[in-house]
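Chains: A, B, C and D, in written order; residue numbering restarts at 1 for each.
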Amino acid sequence: MTQTIGVGMVGYAFMGRVHSQAWRNVSAFFDLPVTPVMAALAGRSKDKTAAAAARLGWKAAETDWRELVARDDVQIVDICTPGDSHAEIAIAALEAGKHVLCEKPLANTVAEAEAMAEAAAKAAAASGAKSMVAFNYRRVPAIALARRLVADGRLGVIRHVRAQYLQDWIVDPDFPLVWRLQKDKAGSGALGDIGAHIIDTAQFVTGQRLVGVSGLTETFVKERPLAESSEGLGGSRTAEKGPVTVDDAALFIGRMSEGALASFEATRFATGRKNALRIEVNGSLGSLAFDFEAMNELWVDQGEGFTRILVTEPDHPYVGAWWPPGHGLGYEHTFTHEIRDFLEAVATGADPSPSFADGLQVQKVLAAVERSASEESRWTEI
Amino acid sequence: MTQTIGVGMVGYAFMGRVHSQAWRNVSAFFDLPVTPVMAALAGRSKDKTAAAAARLGWKAAETDWRELVARDDVQIVDICTPGDSHAEIAIAALEAGKHVLCEKPLANTVAEAEAMAEAAAKAAAASGAKSMVAFNYRRVPAIALARRLVADGRLGVIRHVRAQYLQDWIVDPDFPLVWRLQKDKAGSGALGDIGAHIIDTAQFVTGQRLVGVSGLTETFVKERPLAESSEGLGGSRTAEKGPVTVDDAALFIGRMSEGALASFEATRFATGRKNALRIEVNGSLGSLAFDFEAMNELWVDQGEGFTRILVTEPDHPYVGAWWPPGHGLGYEHTFTHEIRDFLEAVATGADPSPSFADGLQVQKVLAAVERSASEESRWTEI
Amino acid sequence: MTQTIGVGMVGYAFMGRVHSQAWRNVSAFFDLPVTPVMAALAGRSKDKTAAAAARLGWKAAETDWRELVARDDVQIVDICTPGDSHAEIAIAALEAGKHVLCEKPLANTVAEAEAMAEAAAKAAAASGAKSMVAFNYRRVPAIALARRLVADGRLGVIRHVRAQYLQDWIVDPDFPLVWRLQKDKAGSGALGDIGAHIIDTAQFVTGQRLVGVSGLTETFVKERPLAESSEGLGGSRTAEKGPVTVDDAALFIGRMSEGALASFEATRFATGRKNALRIEVNGSLGSLAFDFEAMNELWVDQGEGFTRILVTEPDHPYVGAWWPPGHGLGYEHTFTHEIRDFLEAVATGADPSPSFADGLQVQKVLAAVERSASEESRWTEI
Amino acid sequence: MTQTIGVGMVGYAFMGRVHSQAWRNVSAFFDLPVTPVMAALAGRSKDKTAAAAARLGWKAAETDWRELVARDDVQIVDICTPGDSHAEIAIAALEAGKHVLCEKPLANTVAEAEAMAEAAAKAAAASGAKSMVAFNYRRVPAIALARRLVADGRLGVIRHVRAQYLQDWIVDPDFPLVWRLQKDKAGSGALGDIGAHIIDTAQFVTGQRLVGVSGLTETFVKERPLAESSEGLGGSRTAEKGPVTVDDAALFIGRMSEGALASFEATRFATGRKNALRIEVNGSLGSLAFDFEAMNELWVDQGEGFTRILVTEPDHPYVGAWWPPGHGLGYEHTFTHEIRDFLEAVATGADPSPSFADGLQVQKVLAAVERSASEESRWTEI
């Protein structure tokens, strides 16, 4: 008999849907010391939350996240809301002794992230509560394999990292002013939303931290029609316009802790690129390259040319739990892997990774890029 | 309130696992007139079946498929066993007035397939029972989009189809003699297992049927170590050897009903190709190309060069139910789509496709290839 | 001081232009024991031939190829005419003791090819004259490297060859009836023109000969406007129409001398494919794949996935003579390599390859495909 | 009768070899108002220069470039020496009324480049002498096509340019200290050698100039074995070591004159990348992408996905002069195109492009990157 553990989730939009898929299926594929029970879902609207809970497989619905945090049948709180509420919910949950999985970026400001990291450390000491920030791309099997190759020294001394996260969903100037384009909700634009992912990915794969950056940001479209609903990734717009208060694109170059040079670009204006999280790493013995638009492939050079490794073999990270070779995985599987690792840590008492402290460090890089960009790209240490 | 419908599944190996994933999740993504309830799972071993049922989400377990067919809470029977038992189970289920979803190839012989198609027709008339053969690759969004482009005339008159299904899982002569390498269980080798998929895919995409073929088959490794268990895709082997009684590879060329030339190749000896179901179609106005190893991409030429369409847009087939653009799907989603379409047909009274008659036609092509191959590749009409 | 050798070329259309480029430049890149002197060019029209000679770098012009063959300053005769004149010119040149390089296919019929091979053998014995058929694709560095890998055993036992030569230049039914579409001039259509190349390439790379085939051919467009000039690859057309007397496409499957299965397709109706000479070889230890549309790349699998080898390293075949790594070569270089090898053989007394006997063998394969296609695809031995 | 024009070239190493190939063949492919005559080659060593002249097709050899400039049969001076001698030779040639084609980067310093641009302007006014800097990559057909698409507005407002020039030829720390690694000879390292190419390419394709940059440079390997000969791209090394005085890699971000954001990276430490000159441009209506390692391809997005255009059609820039579709060109052809355009300008009195003034502007960008890199990446205007 496996033990069960109750999960409560806050938010049921894009991130909530994909987290639900992971909670619902993780036990069918991975042998875990605990089985998650999808206890309750919290959202603001009673009807919508109840409908979402029914559809996504949550047993109960709450309209106040505080109620969800307080439930006896909830031991894990999974935060899938916009960044402006992360700190408040996470800190409350940690103080209540709950384990916390929080979507990225950890917070909208360094101050909030610091408070969260502090709360996480305190809760870990007090109640053994675990906390983790949801940089799901670490759990793409190809990215995890990339990390393994670098850690094993297969690339030698790392010289270069170049990472891009290219999307195009707001190229149209009539795309509405959704919450992700508002600084008070989202903290920043492309920088925090997708730039955060490539910062984490680059640091994870290389095992090096960014130590200084020089950056540029730009808002190409300064005003947009107001959205009828601020919640979605698009949808209807009104005749009225409002100011875009976040960056459309952010570029920066930097140095990493063991001497690698790094180049980053995050943009929502790369027409034709849909979700191109790309990273290339060059070392003294070899190189690797990845593009999420072909997420089951890792390209590795060891001197003869780049080999396209189809990362679907049983000995590749996470893959053994799924299908035979050549039967690829999709976007949602990265969350299943993340939740598998989180549950494993919760059950065994290990520290899940990336921690809130890791999330804070990424937040500091984001802040450094913004500061550099606002001060004529001057070099800014982290 | 949605109506529910009870499902019983026979078999819980590779196909059973992936069908379970589809049954478990289809309602969370698609708005369906009925909600499937995973009523019961049948398998031979009591313990293993019970464990599989618990893990995969089935409410009950049966050790006799006849019991499963007879259950009042089962309206749909989903057959995930090797081909030698398809006919018996399917015919029994149809006679009991159950809807039937059957894995491919429909049967191991034309005679069995004919009996099944007849039973399906009779049951449809008698009880309105629906039946469908599980050529899941039709439900790859890129393949469904390919069909749409051809049907819309975007490629003009079709001149060429070239289709390959390349795998390499038995290149090693010490790979054991699993059931898929035994004629009595599997009917044929690469031909029926993966050749059937490209026959169906080519006919589906072009809307043309194969009318004649000239073929070659070969068994490169004539003897293999016996497997400890005949069930899996690999696993332990014994010291004893036995004869491989199916083809390792099958090649054939043919003509299609509206004049296209066709070339097919199915092999388990294409080292480095893991699950390369590939199809290219050339028409008088354009062409398309697909490889399942990059399943979220369809390549389309309309005169300027091949365009890589990332088939992840909301208006692409099935995709709107899932994630934003660029967030790809995986192998298992093809089954979710298949089950979505089957449930839709069951609920609305439409005829699901591909029907057992379609499965029979593919069986006739397989038989024609085998006959041609055994008679010096002579032209064989279908 | 290097010795010089005089060259005379017959024909100055597409093949003549590219051969001229090779003769003009070979000595600037390769260290050769002889330096070719571009002595004379023969063509039917006096003015056009003189203009072509001036432009392409030939010292003299002749309007009768017999005069060219007879010239004292011509030791090598290079035949770049349509296939119907190959036999006559080549045999005359060989009888005159000249070395002969002849464009492919060697001839329009097996009988002609036999006569040529016989003349070549006789001349070799009598005068030491060398002869070679111009299958230039053997001299693509990537193809030569592929051959080396197979010969070195890197792929193990060869199981599969699949080769395609896909073009689309006559998809338009109003494309005129140029000489390549007339059986009396060209011998056959796609089969002899481009099918011959993939037959030679497949045999060269694997080191195996085709021993039997089953084929299909088709002429999709039966009538076309007459061309104003029969010479070119396109050009103006008249209002009158004439019958297309060659195949538009040819498909065949076959067996090779050491047990590999082979699949071939040659077509001029593959919309969007411009010059896609493709070959894939699967062996028990590895695989390789090539597409001439990316001619500087060879894809090689040795168990981990396909490696894209950029065939531009100094130790790759022919490459050391050219540019630094990554600075790719083009189509014409294959002819420069061919002529380098021919000159080397002429100067050292070695036998150039592919010989006229090799050309004859390819001719026999072409004839076998045609025979099989005309007799309901029945198996035809070579 | 075409007029002829005499050419004298200085230097016969890598660049001299490829320029020779272009001079030798340009008239066989392009209809030009003048025919170049390869009059004389200058080099320091008498024997080596004479041998090179014989091999490469130059009628005479000189050991003093001043003699070459002074020759009556030389109207065009082509400078293929390292950057430290460009200014002196070019200015002397221009003052002698000769047309000048000069390899890139134009000079080793802004001051030299300014003197050269001034001399070019003065000579143009005085004698009608033409001058051009040899940014050959502009003449890759795919790059020229990219420029045409942007100029035609097909991409809309340009938002992003990301350009990389990745090589790996000095990853080995024992690679010798050739002239390209010495500041006094080469001016700078990766920055001036290959960074200059992507600056020119990015500005050419977008039609925008860089207006400000923030940069980073690094020398990963600070000391290397002395080379036996400083001339080549590699070769033997001695036991002694010397300091590397140029950058191994340079990264910078910047803004362009019409608002695009730009990201650049030039490195000789990108293991596995041989000559990856890459550029991607994103506009409000579409995007394009190019990689010189696949130089015959241009990828263009116009909303549906990236189309691989095989840039081998007769209506693509420069291509009509060469081979049928799908028969690709190589590295050297970019020089043939460059010389074609230069000869056309010389003959018709048009101003060739890129001019020395364009070369000076690139030099200023290089200087700005170096200055920024030396002052903590601060923003530096151009």
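Just so it is clear, a contact is a pair of C-beta atoms (placed from the backbone, for glycine too) under 8 Å apart; a residue touches a chain by one contact, two chains touch by 3 or more.
The model shown is predicted, which means the values in this text are computed figures rather than measured ones.
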Set of chains adjacent to chain A and to chain B: C, D
Pair joined by more contacting C-beta pairs (A-D or A-C): A-D
Euclidean distance of C-alpha centroids - chain C vs chain D, Å: 36
For chain A paired with chain D, centre-to-centre distance based on mean C-alpha positions, whole Å: 42
Centre-of-Cα separation between chain C and chain A, whole angstrom: 55
Two or more partner chains touched - positions in chain C: 273, 305-306, 310
Touching residues (chain side chain C, partner chain D) in the complex: 14, 17-18, 20-21, 24-25, 27-28, 55-57, 167, 169, 233, 273-276, 292-297, 310, 312, 323-333
Complex contacts: residues of chain A adjacent to chain C: 304-310
Residues of chain C that touch chain B when the two form their complex: 155, 159-160, 162, 164, 166, 168, 171, 214-216, 218, 220, 249, 251-255, 259, 261, 263, 265, 267, 269-273, 280, 282-287, 301, 303, 305-306, 376-379
